[in-house]
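Please find the structures below.
Shared chain: chain A. Partners: chain B in the first complex, chain C in the second.
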Partner chain A sequence: MMRRIFKIIEERFFYGLMLASTAFLVALLLFIVLIILYKGLPSLSWEMVSQTPKGGYYFGREGGLLNAIIGSLYLATGAVVIGLFISLPLSLAMNVYFRNNKKLVNAIRFVLDLLWGIPSIVYGAFGFTIMIYLGIKTSLLAGIITVSIFILPIMVRAMDEIMKQVPLTLLESAFSLGSTNTEVAFKVVARQCFPGIVTGVLLAFGRGIGDVAAVLFTTGYTDNIPTSLMDQTATLPLAVFFQLGSPIPEVQSRAYAAALILTVIILLISVVTRFLSRRYYKTSIK
Partner chain B sequence: MYLKARKIKDRISGGWVQLVLVFVFVLPLGILASLLYKSWLIMQTTGIGDLLFSSVWRPLAGEFGFFPFIISSIWVTILGLLITAPICLFTAIYLTYYGSNRLSVFMRPVIDILAGIPSVIYGVWGVLIIIPFTGRFLAPLFGYESTGFSIMAGGLVLAIMLIPFILNILIEIFRTVPVEQYEASLSLGATQWESIKHVVVRRSFPGIVSAFALGLSRAFGETIAVLMVVGNVVGVPENLFQPGYPLPALIANNYGEMLSIPMFDSALMFAALILLVVVVFFNLLSRFVIIYLEKRQ
Partner chain C sequence: MNQPIISIKNLNLYFGKQHVLKNVNIEIPQNKVTVILGPSGCGKTSLLKTMNRLVDLHENVKISGQVFLDNEDILKDNVDITRIRKKMGLLSQKPSPLPMTIFNNVAYGMRINGIKRKRKLRPLVQKHLIEANLWDEVKDRMNDPASRLSIGQQQRLCLARGLAVNPEIILADEPTSALDPLSSTIIEKQFVELKRDYTIVLVTHVLRQARRIADYIVFMYLGEVIEQGPANEFFENPREEKTKAYLKGAFN
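And now, the complex of A and B:
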């Protein structure tokens, strides 16, 4: 009898714990977003998103965050474009060109997993040594290169996941019609997986735009909008990080505004990704 | 003629694919080699043993003891994992074995967005919420005084950042447990929780361990969010409510100064090398466990 009661109590207790931790997760997300909104909204104004910092900005005078917003967009876009030139062929290599060489494909996946686990600060340090070695100064270009290496495994993984699901029969019918590897890769697989590729790109874009550690060494920081690849650039996460460290309340509140803008960008990306992947499942050939 | 153009196209893109392949295999070696090359200077002058276990940190005098940083990193990481482990485990079990389909559809974006939030945002949130919480509530509760900027705050923020990461892996792992086994246990009269405890958790135990090993390596390298709340004071912390100074924070905080002193530069690259080695080690470990698991099935 006692054992039975104990069993029921244990059952209930752990059920309660599981329910609580799941609810905690939802509450946590709401809590984080609400706090960022609550702190960011009051200091967010048109001036914030439309102007670059003016004189005395860092003492609480006029100006906005346009330099950081544009800088971040440039950086993430550049990195994603370079990343695409490497990640798309790589994921196609695993699923079309070398699909019969299981050992090689597994080796690539293994190396990618390894790269995926390396923290962004190590990529930052690596990018910095490369930069010194090549003799370029801290610049948009150096940042783009570092971030593109850092997001490479993320992109390939997302694309590979989708390309794995392309039915083998589809590949084989294309080959049986006399297509070359390249034609199958780009005209069949890449087209079939297009929404998936876009998802991977957006995911990587989100990662690239939000990361600090990789760009801390390589982009520098400036109040101007970069006009060439060799210019230094500000980024949103760096703006959050630097301004939060300021003792002046006005400047701190701008860090919250920057954090809010960054969060909104990330949320937007997440919504678009979700929408695309839903459409993908409707249109793809099963 | 048309045929020839097709073949040429195939050659060119095939060549590019091969180039990319080579690049991906060279990249990790390149990272390792460049960090080794850069930290060679300090490893030769000080010796690895001294670097790892001395706690004297005076860069200007040329004394580099990484012990305070390593111990801070270990504390923050372990604390973060300990706090996050039960939450991830319970949520993953709930979502795979109790929750309805609608709940999983609802939770997927929640987890994805949590995973997508940049670490600097977690840092801001940590400064606003976790710091006062640790300083005014947690520390007095345990009988310490603290400003809030502490190992504890770092561990808490890290725990929250790790949740989506570990949770995703755990859900994947629980999905590989055959449903038949779970149902066989239920049909023998075991309750749901008993079946989970004795069948699901036991069966996927190596997987759970490897999920936490992956989380550990992620935690060890996390930089900005931890840096913003951990206090960044050099010294071996005596309790969890004292400030710490983990390795990634050390690298991030000193990037400006390192150029002027070659030895300092080399020291920071050595810190990056430690990070790389630790992270890769735990990654490899968990991969091998997962590969072993897949083979067994």
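And now, the complex of A and C:
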């Protein structure tokens, strides 16, 4: 009898805990979104997303942030593309070619986890050093390289975690048809893990587009939309950063509007990507 | 018996410290159905996986001995494993479709063998699905994910997929375990048909099935081959005590 009551109390307790923590998370998310909306929405305008800054924009005059929006999109897309070209083969190699070399694979995982833990400002400083060494000026290219290094461990580990879950029976059935390692990796494992790969890319895109520190020393800042990889470029996180530091309330409010734009971009890209790749979600083996 | 297509000599297999196959010697005749019998856990699956070197995927595996396929020892380090595996299609005990559509599952093996054109693939896919007795059920849903098929349908899909690689030998690990009696009988008949073009090695727990289709029997117990020989002799005049006990149902 006592045991039964105890069980019921236990059950209730953990159910309550689960409910409370879920509620807390949702509330936190809502709170953040509401603050950005409340503070940023009043100064959000069509002008802001369709024009580059005119003289005196950062003192509250007319113009917009199109340069930073485009700059950020270029930067994050470039970094993710470079990241994908390295992270996909690497994570596939870890889980197909070298899957029986546990020592090697675990060493790689360990290094990646360390890299993941390094703050982005360090990557920014590192990128800066490399730039000086190679004689590259602050530019879109320098930013793309720095951000791609910074998001690489995130992408590899996100994909790796999913590929680790591929059932051995699936690998066996692919190999028993006479597939080579490369065929198993790209035709079977990559396809099976497609949802995870998409998640890894989106995660990296979000981190890359939102980071200030990695671009602080590397991209420069300009009012123009970049037309080549060697141009300097503005980015949204830096636009938020600069405007937030302004004493003018109008400009501060624009900082929140820029943050709002950033959030909407990430959201849109997530939704569109998931929509476009839904076909591949269905064929994955559960 | 004419020249065996596979002959296994003094094969030992260890998973870590566990001795799974103990000094196994088997001769498998060409264009016949060889059935491997034995109680659960005796090493039947491990034997099939050694024959096409799928055990390479596992960690801590140790193999000694020889497996000759067409007089070539396939356990040697320098053999091209993908070529060996294309010669020996394996149907695993648990059907495991690839993460793609039904059509692409069957087409997979042909694509990696260089047949890429849809126009060429389509009739071949159909032919192999008919051979596996699945065509009628899936002909209107070729673009559905294979994972949506029932387990029994998946088993037949894997058979079609295996046939599409054009193997010489089919290693089938309990290929009818998820099928109802009627479909089992159809697949059994299919195997008997297939032996004209292929050599078949089939694992089963069902004695009656073995009686119906086997030409040659290998009986295993705890990792050892206890007795092997032509099916009628095996069933009519078993030599070993363990075989007699098994045939009476002692280990089931």
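The rule is short, and it goes like this: the second predicted complex is superposed on the first by the 241 of 286 C-alpha atoms of A that agree within 3 Å, B and C clash if a C-alpha of one lies under 4 Å from a C-alpha of the other, contacts with A are read in each partner's own complex, and residues count from 1 in each chain.
Going forward, a residue touches a chain if its C-beta (ideal position, glycine included) is under 8 Å from a C-beta of that chain, and two chains touch if they have at least 3 such contacts.
Predicted, not measured: the structure shown is a model, and the values here were computed from it.
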Larger contact residue set on chain A - chain B or chain C: B
Contacts of A:F275 with chain B and chain C, given as first, second, both or neither: neither
First (chain B), second (chain C), both or neither touched by A:F126: first
Touched partner set for A:E183, first chain B, second chain C, both or neither: both
First (chain B), second (chain C), both or neither touched by A:F241: first
Touched partner set for A:F6, first chain B, second chain C, both or neither: neither
Contact residues common to both interfaces of chain A (with chain B and with chain C): 180, 183
Of all residues in chain B, those that touch chain A in their complex: 6-7, 9-10, 13-14, 16-17, 20-21, 23-25, 27-28, 30-31, 34-35, 37-38, 86-87, 90-91, 93-95, 98-99, 103, 107, 109-114, 116-125, 127-129, 160, 163, 167, 191-194, 214, 217-218, 220-224, 228, 248, 251-252, 255, 268-269, 272, 275-276, 279-280, 283-284, 287
Parts of chain A lying in touch with chain B, wherever the complex brings them together: 7, 10-11, 14-15, 17-22, 24-26, 28-29, 31-32, 35-36, 39, 86, 89-90, 92-93, 97, 107-108, 110-115, 117-126, 128-130, 133, 149, 152, 180-183, 185-186, 203, 206-207, 209-213, 216-217, 237, 240-241, 244, 255-256, 259, 262-263, 266-267, 269-270, 274
Complex contacts: residues of chain A adjacent to chain C: 99-100, 102, 167-180, 183, 187-188, 191-192, 282-286
Parts of chain C lying in touch with chain A, wherever the complex brings them together: 49, 52, 54, 57-59, 82-83, 85-86, 89-90, 92, 94, 96-101, 108-109, 112-113, 145-147, 158, 161-162, 165
